[in-house]
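Taking it in order: structure first as structure tokens, then the write-up.
Per-chain residue numbering starts at 1, and chain names A, B, C and D are given in the order in which the chains are listed.
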Amino acid sequence: MLSIQNLNQYYGGSHTLRDVNFDIPQGACTTLLGRNGVGKTTLLKCLMGLVPAKSGALMFEGRDITRLTPYQRAGLGLAYVPQGREIFPRLTVEENLRMGLATRPRGASIPSQIFDMFPVLRDMLGRRGGDLSGGQQQQLAIGRALAMQPKLLILDEPTEGIQPSIIKDIERVIRTLAQQGEMAILLVEQYYDFARSLADHYVVMSRGEVIKSGPGEEMERENVKACLAL
Amino acid sequence: MPTRTISAALGLALLLAWAGFAWALPADLVLAVAAGKSDEQVAAVGRLVVSGDAGVEAYFKALLDGTVQVAGGKRVLLVKDEQAADAATGEKVAPLPEGLEDAVVNNRLRGALESAMGALKLISPDRAERLAAVKTLEDGAGEEMLPLIAKALAAEADPQIKKSLALVQASVQLKSADAAMRMAAVKALAASDNPNTKTLLLGLLEKKGDNFSEPDAAIRAEAQDSLKAVQSRLSVGERISQVFTGISLGSILLLAALGLAITYGLMGVINMAHGELIMVGAYSAYVVQNLFRTQLPGLFDWYLLAAVPAAFFASALVGMLLERAVIRFLYGRPLETLLATWGISLILMQSVRSFFGAQNVRVENPVWMSGGVEILANVVLPWNRVVIIGFALAVLLLMWFLLTRTRLGLFVRAVTQNRSMASCVGVPTARVDTLAFGLGSGIAGLAGCALSQIGNVGPDLGQTYIVDSFMVVVLGGVGQLAGTVYAALGLGMANKFLEAWSGAVLAKIAILAFIIVFIQKRPQGMFAVKGRMADS
Amino acid sequence: MSAAQIRDGDAFGGGAAAGGRVLTPGVDVSHKTILYLEDISVSFDGFKALNQLSLDIDNGELRCIIGPNGAGKTTMMDVITGKTRPDSGTVFFGQTIDLAKLTEAEIAHAGIGRKFQKPTVFEQHSVFENLELAMKTDKRVRFSLTARLDSAQRDRIAETLSLIHLAGAADRPAGLLSHGQKQWLEIGMLLMQEPRVLLLDEPVAGMTDEETERTGELCKTLAGKHSVIVVEHDMDFVAGIARKVTVLHEGSVLAEGSMDEVQNDARVIEVYLGR
Amino acid sequence: MGPLAQTVTRLYGRRGWSVLAACAVILFALFPLANLAMPKGSLFYISDYTVALTGKIMCYAIVALAMDLIWGYTGILSLGHGLFFALGGYMMGMHLMRMIGREGQYQSELPDFMVFLNWKAYPWYWSFTEHFWYSALLVVLVPGLLAFVFGFFAFRSRIKGVYFSIITQALTFAFMLLFFRNDTGFGGNNGFTDFKRILGYHVATSQTRMALFMLTGAVLILTLLFARTIVASKFGRVLTAIRDAESRVMFSGYNPVHYKLAIWTASAVICGIAGALYVPQVGIINPSEMSPANSIEIAIWVAVGGRGSLVGAILGAGIVNFAKSWFTVAFPEYWLFFLGLLFILVTLYLPQGVVGAFDEIRRRIEERKLGQAVRGSAA
């Protein structure tokens, strides 16, 4: 679906992404692991075009999207659930979801399965996004991304600062989405167990480099844990 | 032109007369009017009027037109192109008798005749005519009218006319020599809501030399009370009109500021050319007006229907051009934006000058917008103001609808809250910016179209509004539509009420001073956005 | 020297900050603790950034503070430096100075220096001038008009320049420095204020490995003379310098101790790996 | 070397001083000679018009310096400097009106406009204005005080950036309205004019004009040196620091409010002085000087010349105003187009103004030289 080729990115004096290479296959969940500050988020921003790549290429369905603007990429089917949710605080929940329809033809309506996945959103349609709890905001952010009916869903630490019950919901949703097989999923995590339980493939980054990668089953054997622990 | 309609009516009467229609006026009175001494003349006019005979009208008209001649100082004739009729009876007189001389109508007589003509309308069957008649009499009627007024009063059914007629009667009776009558009159006048009554009563109370113009102390006391009553009734009217002008000014400020609420409030663009976008709207209204006048004069009354959209799109177009050509390069650099847009405003002003000329142009109200509705004797609400208040509300609703109920509105709000995320969900932010700016500019154009209806349109029209509009938005709280509305109305009201006791300029200064102080205390304005997003 | 005395330097009172005259270092550390945070809670529209946070910093110690994103590290610094006012709880500087009562400038004056995540230096000024401006001296208007550097002050600037490895770049405009160098310059500027406490927010973010190395050295040398609080994501860096580590989680202290202690702490592992 | 010598060298290098000296020669020797001594029509004759124009523009240059201090160096864009300029002018104008004496059309002690409003005596705030030095004091005090009070509240409540600009604009707008009123006692919309004499000399004579001209020149040079001293001092460096990173200034223990207030007031006073020099040379002062447009124009002078460069400010004021006086004669209808374009183009393409552009060019040339040198040495 998406293949990242020799991506390089600098911030200030430091080389935040160093020749990053990996592919994200369709119908599977690829998890990207690594500690804070190793460049995971920077990589995602590069994928969405929020920060320009210094060198290297991004091929989406065989097409080079390296120079496209974020909204062009969204139009092609990349959906982004950023770290810290970034829902629109002064829009209602419904409006936030409708923002997900921006790339769809006029009069498109919010896919009902979103409410099946996150029933809480249906009850809160009228509330302002900013007034939701962290967990609800996270569900809203995912819902917004799904409303775009994306081909590639990118999630940045969806479990950050969220109570376990909701984490379970999110986990279930991501799994079903992966199993439906229509979309590719890139999940960034620093929490091993969560990542492990979802990963069909895993990629580990450290100091801007990919240091390990492979099929999810091998995570124990490769002792990925060690790369995350303090 | 009431006099024209009247004379038309008279012409009709005359025709009837020629048809040989006959009547009988007391010949001595007819003669007295035409040839008597001044006093006799006026008195006779009064008595003739009371008869209320159709012939009287024809006769007086003829007198005023100077087509009355007296044969040998006895017989009075109405002479028109070599044909004559007896003024008293109306029957034809042929051939013309010898020794005819014109009846002389001096000013005093003329005055008496004219008010008499008015008075005659009092007994006309048409309500509107009677009303008009009363109005003319309110501006002063001679004592000789009293009997007629009494007669009309007796006959009158319509309460409104009856009321004002009674007042007229009273105001005439004030001049009478009979104290009891004056007393009654003063009492009656207490019911008046006409500014003239006030002066009338005051007249009684003022001294002439060392004795009062009204000798009787009891009556003076009574007059005092009536005066109070009248004044309180008038002051109510003054309050109402004050509030109205306040709202009216508020609505204008609102119109001027609404566009800015989008471009500055939502997008954060310091658009110093906002005033000129208003001006563009006003001039496009002017152009449309001229087109209608020359192309389809028949529809002139409806030119606004075309002018409003024209103004909107003209300004919107200009606005979008600016955004594309200049402003988008300056996002995030407010001070530079300020200077650049100021430059734009200069260019716009000068272009209008060299195209339409430096002097103001006039945009006419359509007939249905001229004049006003009278809700009290001393309160007349001009239609154009009323319409503009409505228009402001409409624009407000339109804008609210666009922002909250449409896709574009949703995008605009999203982009202003979180630009990068908006683009991540597929919003073409650059285009949204342009459209949003166009919308704001278009609304400025609508404001201009409205302003063209209440004042002259000139190249520096915008300059007079730019400071005000910014004050409104800043005071209301940046990014707060509700705040903008309250601020506009509040400022409008405050301005007008201050004006009442400090004069226009000082009022304006006081307001500006207030705002300056206010901003010191609440830099976010009245309706600050709270919570984490406050500083964004 | 108490809050009240600090205020009297303030010509206008009210919201205006300290007038900027020199403070004799008067922080009472008789109980060898220089910073007390007790039951601090801060919440932004519903979201609890700090939740009953309590923390003591000893005089002259080097403390590393770690924790996952959103654990409240930055908010804690905001509270200490007066940028954010706590909803509840107390912040004391030494025994006597209640930081909740002071403005940002007053706190800076009292002797707490902070380096922001994003380095902020005066881009238009030379490195030398940056340090000169930061230097601890009378900072009221009328003195600034006639201020001249005496040799002692020049020496101190030179000292700091070499300490932060910028001796060679003294006359370059700060705007032209590399990201890492800016971070150092900012640290240098803090040092010129002779603070008792240094708050370093992600000092090595965006630094090259070598720069990171040197920064670690710098932190160690600074400790002792100053109390240094480092907030950092880079675990290798923390492991390199840490003596005592505090782990924040969801707005309060989760664990505290030596690096190995926290590494083996069950709850920490749970937070970092678990779920 | 002595402290004075130190200061001197700190302000300008040898080249700087010699340029300054050259300007002084032109102003104080060339102009008077060419204007007074040369016969009209001679090649070297400088017309009274040119002298008046140059004098006027030097006043503007002083204002530009003041604006540069507050905007270019401290980053605070004031849209109210026209007000301070005008206030200074009005204070001087009051004195000049007094000096008309009975030579007004109504041959009255009172100025014509007061007679016209049939006022019987001077309002209280006119008292003592017949004394030149008192008026001179007002020239400094009135703008200074207003600026101080306004700035105190504005800066204290942390009003920044565009907010501040808009409010200053509202301020000058309010004052314009105030001065347009007749009963404010400053001649309503006609303002003050028909001045007869200053310090006993008749204002119209070319000698007096030349004296005023030279005085203005002197003040301009002094202002430049004063501004230069400020900029070169630590105070100046703090100002620039406030412009670039105010929060860091605060965390370094400075109180920005005091610094802003100081420079803001100083800047206003300078404007007042410029206004006072302007009025007797132009012979009129009226409320339109306070219109927001004028204040913004001041900003564009500085922008054209180059913010954060004192010489630039003077250049900018010169360029724009000479252009103005030429345009308004040659083809008036195009002046505003030109001015408007200037606003846009400068903000878009010349953020550092003319001076910045020159520096850029010089840098390029030097680089090329350097490159050639390197290649040369390589060969």
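One rule holds for everything that comes next: contacts are C-beta pairs under 8 Å (C-beta built on N, C-alpha and C of every residue); 3 or more make two chains touch, one makes a residue touch a chain.
As the structure is a computational prediction, the values presented were derived from the model and not from experiment.
Asks: Which chain has its Cα centroid closest to the overall Cα centroid?
Replies: Taking the mean of C-alpha atoms per chain, the most central one is D.
Asks: If I average the CA coordinates per chain, which chain comes out farthest from subunit C?
Replies: B
Asks: If I rank A-B and B-D by number of C-beta contact pairs, which comes first?
Replies: By number of C-beta pairs in contact, B-D is the larger.
Asks: If you average the CA atoms of subunit A and of subunit B, how many Å lie between those two points?
Replies: So the centre of subunit A lies 65 Å away from the centre of subunit B.
Asks: Quick one: subunit A and subunit D, Cα centre-to-centre, how many Å?
Replies: 58
Asks: Could you please state the distance in Å, as a whole number, between where the Cα atoms of subunit B are centred and where those of subunit C are centred?
Replies: Chain centroid spacing, subunit B to subunit C, equals 69 Å.
Asks: So what's the Cα centroid distance for subunit B and subunit D, whole Å?
Replies: The separation of the two C-alpha centroids amounts to 48 Å.
Asks: On subunit C, where are the residues touching two or more other chains?
Replies: Within subunit C, residues 45 contact more than one other chain.
Asks: By the touch rule stated above, which residues of subunit B touch at least two different other chains?
Replies: 531-532
Asks: Quick check: what residues of subunit A touch more than one other chain, meaning two or more?
Replies: Within subunit A, residues 130 contact more than one other chain.
Asks: Could you list, by residue number, the parts of subunit D that touch subunit C in their complex?
Replies: 152, 156-158, 230, 233-235, 237-238, 240-241, 243-245, 247-259, 262
Asks: Which positions of subunit A touch subunit C when the two form their complex?
Replies: 11-16, 35-37, 83-84, 130-131, 133-134, 157, 159-161, 164, 167, 190-194, 207, 225, 228-230
Asks: Hey, which residues of subunit B end up touching subunit D in the complex?
Replies: Residues in contact with subunit D: 270, 272, 326, 329-330, 334-340, 342-347, 349-351, 353-354, 463, 466-467, 470-471, 474, 505-506, 508-509, 512-513, 515-517, 519-521, 523.
Asks: In their complex, what parts of subunit B are in touch with subunit A?
Replies: Contacts found on subunit B: 407, 410-411, 413-414, 417-418, 420-429, 529, 531-533.
Asks: Quick one: in the complex, what on subunit A touches subunit B?
Replies: Counting only subunit A, the residues touching subunit B are 48, 50, 69-71, 74-75, 79-80, 82, 86, 88-91, 95, 98-100, 102-103, 106, 130, 144-145, 148.
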